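Think of it as A, B and C in the order they're written, each chain with its own count starting at 1.
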Amino acid sequence: MNSKALALVGGLMAATALAAAPAKADVKIGLLGGVSGPIAAMAPSMVEAAQLAISQVNAQGGILDGEQLVGVVGDSACNPQGGTDAATKAVNIEGVTAIVGPHCSGAVLAAAGSVTIPAGVVLVTPSGTSPEITGLDDNDTVFRTVPSDDYQGRALARTLKEQGYDKVAVAYINNDYGTGLANSFKSEFEAQGGEIAGYAAHEEGKASYRSNLAELSSGGAETLVIFDYGDGTGLTLLRQALENGFFTNFIGGDGMKSDAPIKELGAENLTTFFASSPVGEKSDALDTFNEAFKGAGGDPDAIFVTTSYDAAFLLALAVEKAGGDKAGVAAALREVSNGEGEAILPGEWEKAKKLIADGTAIDYKGAAGDQNFDEAGDVPGTYALFKVEGDAFAVVSEMK
Amino acid sequence: MELIGLANYALFMGIFIGIYALLALGLNIQWGFAGLFNAGIAGFFAVGAYASAIVTGPAAEGRLGGFDMPFFVGWLMAMVAAALIAWPIGKICLRFRSDYLAIASIGVAEIIRLVVKSEPALTNGARGITSLPRPFGDLPYVQSQMAYLAIVAIVLLGAYSLVERQFNAPWGRMMRAIRDNELAARAMGKNIERRRLEAFIFGSALMGLGGALFAHFNRSITPEAIDPMVATFLVWIMLILGGSGNNRGAILGAAMVWIIWSMSEIATDQLPAEYAVKAKYIRLFLIGLMLQLVLRFRPEGLLPEPQRGKAVADSNRE
Amino acid sequence: MDMLELLNFYIIPGLVLGSIYALGAVGITLAFAILRYAHLAHGDLATLGAFIALAIVQASGMPPLAALPFAMIATAVVAVGIDKGFYEHLREKPKIITVMASLGIALMVRAVVQVVWGVDAESYVRGIVRPETYWGLRIKDREIWTVVFMIVLVAALQIFLARSKWGKAMRAMSDNPSLALLSGIDNRKVVVLTWIIAGGLCAAAGVFLGINTELKSMMGWQMLLPMFAAAILGGVGRVEGAVLGGLIVGVAEELSVLVLPSEYKAAMAFAILLFMLLVRPTGLLRGKVL
């Protein structure tokens, strides 16, 4: 290697050392997201929602002894390479106490397998929905605030059947999110006696899906169930289905409950469009969050923002409970969300901090559900079916 | 604490650099020495990673697998599988010159990626294969990272010395002769198709091995890992930056790219917090810009191909 | 399935999609033939063009088709600037260096789009448009515009290449660069001209993709591989070949759903390409073999 290259490497190393200068007074949590890459359109809102939780903590007295909670954003690029890189950096260079993210299941599996599980850092993913995450041998350090696809698919199938949809076609994006939802939806819908008259995966990012739609509609179904992202390929699919009149009713999974269809296609065209999404049960947790997020300039209808917020807020509670001890975060996380104790709603940091200081048990009731973790670190979902009303989504019915 | 963290991160970088250096080395055999424009690295990476995952991974219902072989058998199988896939592809595609081979190999890699994503019985589809064994994975975090780095380094060193020896052997001279002047080599009675096929298969096997090392490092392999950007184009950038035709250059290029990759993030993290998300886009811009600068000032790569004999190497090449 | 259904749901969407691919593929094929490298930033330049048109539409309220010429000019200027700033000094080096440089440019252009316009899906006009029916054929106005504009642009380009002095110079450079240089053709002007044309067509591809679907920051990158397949399929250096290639790729992708599982739709372009390379390596219209 010549001297120029050596000098360059040396200079970069020095820059790293400087950049990593300790800021002792802060408690850091990593916010890893697929900022670049295929879900680039979804990631910013999710990161913002997590940052809302952090700013609420700081505005209401900070964490531990009035210290600042800092969210360190990392780009997991929605792939294992980016996920492990961002996680290693967060854990080792930033010294985070816990991690919210990564967003994509592949990045979660890789980051957990090679970084956070061995390093004993708690990881809470707000959007990694793959059933594979359930089975990780994780020493109880991997959690998620989004229910596994399996649950939502089945709940949606039962709800639709109850509401009288007997024959549907299913279009799903060919990734872990789409396949997971579609598989569980299909098996439950058929078990309930419904008919799947078309069932096909599609690759993301194509410009035309009309042939796919024509093929799906040839089975004679009037209703199309879409498992895709409303600000990605799902939007194109929905637009082309509406324009060409392939189907009359449209049902989406939680990925489709995005403001993009309303913004781009117009609410007046979406009168027969419904989407399921997780909600906080029997509480105004969701409304509280919606208001706060709107106040912060965010869009509460964006995908996975509720789960992102819950993940960050839960981790803040757990860090507080564990007294800042990294090794105790996992146990504390279970304690603040085991369904027993005084209810804490989104944003109620001051109250929670006081209760923790008094040694009272608390139970966080999140914007995306009660967030009571099971053995594997998963949460059971509470879903509702939403419809478009005005320029926003409104609950139609609970899903069981 | 901070220094230890930095050292831990360096360990991680070392492992990643080692794995990508294997890919770059494989590409160097194909492009640097045989002049084969393989733009389907991701395909061979995927075949290797999934072959090893199937052979060593735990059993699962409805999917091929559950052989529970030790990791080194998996790695061997990864090389064999990548080579076996490379053979028919090479047979068909190597007759295309340069850019045509590039687009043909991109096509093959995309088809492999779609198969991997869409065939649950073979690869568990979009969900990928998890719970792979990782050698020395039961050790504590830092020790385990060190052990894996050692394994990667040994594998890389082995591959490097093997490739280096081949290059200086008559085989390597013949390859360069074919690359630089195909007609003359043919006139001298060299079996060009066969030599090219050898280089293609040999390089692809190394890419497969790289894929296997990557899968076991993460204990999982998912289709997101074989996106053309991170598994093909990135490797090309490494080889060209490092210096194609030079094995040490290929390894250095892998190191350079990962250092640029990581340092650019540290640079953009200096932006105020409200730009935290935008900073990641600016980071991609910086990576692109750094690539331009290196290409501008060292277009032959950091370590250019050593001039053996007369200086004709680059002049005839497209 | 009856004939009308085949036309309405497979052939017509395929032709519209193919027209968009064709616009990009023409630029790629020109760059390939005259500059002699695969330009990987082509897709992201198309994204940039589409977003420039969006900015014009939002600022002035004019329809996207009226904004198209401005977007084409702006993107052409950007393309020439990129060439001057980043590709020009690599011209004497092995071509692979420029290919890598164009990959870096792709990242940079995309980053600029994401910083300036953000990453949300956008559209030129809110709402949906239902197709009109002409003798049983269901066609939307914007689809007619897409195909018509593609034909007009390509025809204009063909006339330019065939009749004008500079068009002939470009063809000469493509056929035999050393002879062209010897006969006194100014290489630099030809390169600038190539970038103006390629950049403008890129923007057109992006704008029409945006008009027919939505604008997303990754839209161009995702179109890159089919566009390359189209360019090679038609024969490198052949403008009408790129158009034909684009239309074939577009229609084949849509038709593939009838015979293949739909998740393999994206593989169709490559399957055709591989087959073509095997039986006829010069492409459909006898392009050059590089």
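Definition applied: a contact is a pair of C-beta atoms (placed from the backbone, for glycine too) under 8 Å apart; a residue touches a chain by one contact, two chains touch by 3 or more.
Values in this document were obtained by computation on a predicted structure and should not be read as measured data.
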Far-end chain from subunit A, centres as C-alpha averages: C
Chains linked by the largest number of contacting C-beta pairs: A-B
Centre-of-Cα separation between subunit C and subunit A, whole angstrom: 36
Subunit B-subunit C separation of Cα centroids, rounded to whole Å: 30
Junction residues of subunit A - those touching two or more other chains: 36, 43-44, 174, 201, 203
Touching two or more other chains - residues of subunit B: 114, 117-118, 281, 283-284
Per-residue multi-chain contacts in subunit C, two or more chains: 114, 261, 263, 266
Touch list for subunit C against partner subunit B, complex: 32, 36, 38, 40, 86, 89-90, 93-97, 100-101, 103-108, 110-112, 114-115, 225, 228-229, 232, 236, 261, 263-264, 266-267, 269-271, 273-274, 277-278, 281, 289-290
Interfacial residue positions of subunit A with respect to subunit C in the complex: 36, 38, 40-41, 43-44, 174, 200-208, 210-215, 218, 231-232, 235-236, 239-240, 242-245, 260, 263-266, 268-269
Subunit B partner contacts - residues on subunit A that touch it in the complex: 1-2, 5, 9, 12, 15-17, 19-22, 31, 35-37, 43-44, 47-48, 51, 71-75, 77-82, 84-85, 88-89, 91-93, 95, 104-107, 109-110, 113-115, 118-120, 130-132, 135-137, 174-176, 178-180, 201, 203
Subunit B residues within the subunit A interface of the complex: 1-2, 4-6, 8-9, 12, 16, 114, 117-118, 120, 125-128, 130-131, 134, 137, 140-141, 144-145, 214, 217-225, 227, 230, 252, 256, 259, 261-263, 265-267, 269-270, 273, 276-277, 279-281, 283-284, 302-303
Footprint of subunit C on subunit B - complex, ascending: 31, 37, 92-93, 95-100, 102-104, 106-108, 110-111, 114, 117-118, 233, 236-237, 240-241, 244, 278, 281-285, 287-289, 291-292, 295-296, 299-300, 314, 317-318
